[in-house]
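Both of the next two complexes hold subunit A, though its partner changes from subunit B to subunit C.
Then we have the complex of A and B:
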């Protein structure tokens, strides 16, 4: 028994020691601007525009649903130190951002100048005509997934570079020149994507959630139905039966879904209708060093593969 | 991340919230184990959530106080029903509680079939996240928990079974919103289970040590390794219960357990 006790004591000491060893000092140069991004696409954009002048943290990864976030101590710590908050807005983060801001108590990112909501700068799709409370989750602000259109990215990039310049006026010239070089590269890339994906113009698709609305509008893809009857609600059996009828009637080309959701609804419909179910990356792999251009390249790859497979099926 | 003053100021409200939850859950947990109704907290929490959804379906614009009233009153109804069943059900009480839980959970799904907004309300109630708590919430919960604690120790011989169920319903409804259903379940059951063979005074002391060290180490580890706090605390509570119960001299343990 005595042995066990001393082992436990030794274990506890080791635990406490390892706690103190495992906490590297995070000393930061005071002159870098600290950016707290809610989603990885905005983190990648801020890094692109800020370079080594900014220190960027992303609250979520591309494999995570930004509607829901688990509270971790680092989230609050990062929000406390942030000089600028960059989020999608349009109520996407309504479930956790207000709580986080209240907890962080950082006056910088509560003020107008310290908050940047990407959705504020673009024309939003699917803004409800009238608000009916019985439909619950209808977002009054419209579809918040604005980052899925390259056109929106460019508009938002310009606004964000201006905001960075306003907050950190010493480096204003740096942010503006970073934007013009991003503008040039992004313009090139957009031409490339358009050339590759122009075949999709007029294609009809089914999506899981209305995640790709902005991308689809840019490419001229037409949405015939969603797997969710209303955003955030699982389909009932009668809704699924109706969905199969819709597929027969409208003859969509494939099903698009975000790869962080379960593949079961899309695979279910795929099995019953023979449509391909295409998982697409939701955002930039920022934590893995990815960039916005790499992400859109991956989207283009996925969509292109879907089209060629569909052609083969139709041909054979 | 670094465990410095900034981190401590983040985890301190959570630690205090944990102590408030433990204040009522250690004595009530002992009673729950004595009565053999382990899953009653899940059932009561689910019914409190159901009450909020029903209120929402009636078109009340529920937020804040109204939601609390709806939650507590439905939890009280549930407590009354469970007390009535306890009198009749005898040894199968736990099974009845399980059935009540699953009925309440399914009823919420049916009521929310077209209403994801309501499901957010339900989530707020069931999946409270301990790190989000602020001092105002902590203060309100403290007042309610201290009252429950005082009632339990002052009058438990007089209030009888129904008194226990009422106090239990109130404290579960409050604590679930503060720390979430996983932490409520573990705070209620784990310390009580580790100390049920001790006499009451000692049991409460050791249960408090288990509970406090579980919350403290859990919050520190979640800060160091940047993990969701609630889930880490659950594991730390269990580990702390195992370590502490090994440290308790066996002479203190009776064979029969709670009398």
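Then we have the complex of A and C:
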């Protein structure tokens, strides 16, 4: 080993100095607002409202479970350059986001103005009365999957457009008018979905996780059981066997599950009870260029098909 | 009935919106109260349009989320307790353990035969305010019947320096290696790799300061520098300055949605150290002699980690491949404390080693793993007898070890692990079996990549 003792010491001290000189030149590369979205639905919403004024990155895809993401190097690098963080909140990202923020060294998204948590703006369902890990991976703030209700999307969209306008005041008018046009289109789309899905009012279902609670509330769908015994815990075979009795007693119409989880529990129960198991996309295919309206259209297609098939079965 | 619930929804939504606006600091500045009134009315109008078109659930639970209790402990830090224990079974006597070519120190020893409590930890962490984060970790261990409380971590870290900079100060694990920064309970095997055991006494932590910088690039690029007092093993001695310096560079990224990687290099320099080995040599009369190194030490490290998870979903299946290499050069004197007359020798030491491990989670809750360890050494000095007594001569034996493990992880908070080692750390080959439990109570700890 070559001996460079004193040089090393001097080198380490110089390192910091040189870095602090380096940085001002490398940040502020352009004036588009950089948005780091934790989930693809918020990425899609930010893109919808921001258009070419924003550069949006989604930390997860619709095929990923946002509870279980790792604070990977690539995410740290993206968070490092973000101007605004848009996430679900309500502890959904608690396993990785705090660490990501600490590692990224980005003061913009640590300040309150640089953090937008969608769940802060809507009423949460299923706020636990008792916090105990026996109940699984429960969220003290309530169910964080707020994006599954179109009503929530609208409330959050307005708040997000206001936030974008506050951060990037030069383009404030753009964000507000983008919200107005989104509002109009979304209102139309909601009427369409409602017309297609009103038949679901009063329908009973089984879901894998309490992922669709907000959608179900909007549509008047009643949850009779979940495939997970408690949130975040895979069902055991004895628990699933117990669900057969629940099906006999409660007579649900079908089983809903997000398509990123294993289809085995749903298929198992489906085989034994004759209930349809309906995989539904968890979110927008943002990386594939999808939009929120396309996603809800796909949900409506899936649910509508499930209903008509169930009617046919019941009729025949 | 339906009209009533619509009204309730409307009122609660208005209240909610108001709460939302008042809690959104960015939005407040621009608008006046009148504007809010207008906006509220607009939104109410829109919502009532929505209501007319949308059926409402009969069992609405809206409003429940509003009841927040404000109590004194709402601002308590995240607290977690790690409960850890092991049942160990050895072919050889664990007291005889040695690593050829390495004098051991720190926490390098083996757990006793039979049942013993491991490394129990008490961790407090929280954002201190909008500028700082802090963490405090106590390790509670029993050494030869004595309960010892060790302050493992006590550091603050900046949150808001910005421009990619973070400064950490206090007591913390050095960033000189991938595994070195992880707590013992996060390791994928019960025991540390041989090279960590041989060079660092399992892990290097010290009191000092770290500055790190993440570059504004798509490729993750982190560079960091640490300055420690140099008081802790494998440095040591009395230091009134910062005599232990570490520099590291890490790179990382993704390949598609399913693959990610990280690689790093590190350099560590500790000058004028007095390293007290914990191992005991015995002279011919049976007197206890403790090897003691004084001089300068440099270590280079190299690490690489690759992870695979289908579509980035780590929950059900994932694979992790991890490699680290370290090489240390020591330049100075070795003496055997307690010898009379004092036995000493010059030391021109060179020790290196690596490990490669792969962990496969084949289904949710079940993981299997394999690890291979190899270390080597070339220690020279003026008196080879002294080096031999200190344990620094390998006498032609190259230590290696093969480990296999399987674990059941019912949740993020519990783990039961079975591990088998074929351990050739010294001439007499040992077989080791560990049955370990690790439970974590309390806050949901975020684990790094």
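Definition applied: the second predicted complex is superposed on the first by the 279 of 316 C-alpha atoms of A that agree within 3 Å, B and C clash if a C-alpha of one lies under 4 Å from a C-alpha of the other, contacts with A are read in each partner's own complex, and residues count from 1 in each chain.
One rule holds in what follows: contacts are C-beta pairs under 8 Å (C-beta built on N, C-alpha and C of every residue); 3 or more make two chains touch, one makes a residue touch a chain.
From a predicted model like this one, the values you see are computed outputs, not experimental measurements.
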item	value
Which of subunit B and subunit C A:70 touches, first, second, both or neither	both
Partner chain in contact with A:123 - subunit B first, subunit C second, else both or neither	second
Partner chain(s) touched by A:162 [first = subunit B, second = subunit C, both, neither]	second
Which of subunit B and subunit C A:95 touches, first, second, both or neither	both
Touching partner for A:103 - first (subunit B), second (subunit C), both, neither	both
Comparison of subunit B and subunit C by subunit A residues contacted	C
Touching partner for A:289 - first (subunit B), second (subunit C), both, neither	neither
Subunit B versus subunit C as contact partner of A:236, first or second or both or neither	first
First, second, both or neither for A:154, with subunit B first and subunit C second	second
Contacts of A:51 with subunit B and subunit C, given as first, second, both or neither	neither
Common interface positions of subunit A, toward subunit B and toward subunit C	5, 8, 15, 19-20, 23-24, 26, 70-74, 76-77, 80, 95, 99, 102-103, 133, 136-137, 232-233
List of subunit B residues in touch with subunit A within their complex	1-3, 6-7, 10-11, 59, 113-120, 129-132, 134, 217, 219-230, 243, 246-247
Subunit A partner contacts - residues on subunit C that touch it in the complex	12-13, 16-17, 20-21, 23-27, 29-30, 39, 43, 46-47, 49-50, 53-66, 130, 133, 157, 159-166, 211-223, 225, 227, 245, 247, 250-254, 257, 260-262, 267, 269, 271, 296, 298, 300, 307, 311-316, 329, 331, 350, 364-365, 411-413, 444, 446-449
Contact footprint of subunit B on subunit A as seen in their complex	4-5, 8, 15, 19-20, 22-26, 70-77, 80, 95, 99-100, 102-103, 133-137, 229-233, 236
Contact set on subunit A toward subunit C in their complex	1, 3, 5, 8-9, 11-12, 15-16, 19-20, 23-24, 26-27, 29, 60-61, 63-65, 67-74, 76-78, 80-81, 94-99, 101-108, 110-113, 120-127, 133, 136-137, 141-142, 151, 154-155, 158-159, 162-163, 165-167, 169, 172, 183, 187, 190-191, 194, 198, 201, 216-222, 232-234, 260, 262
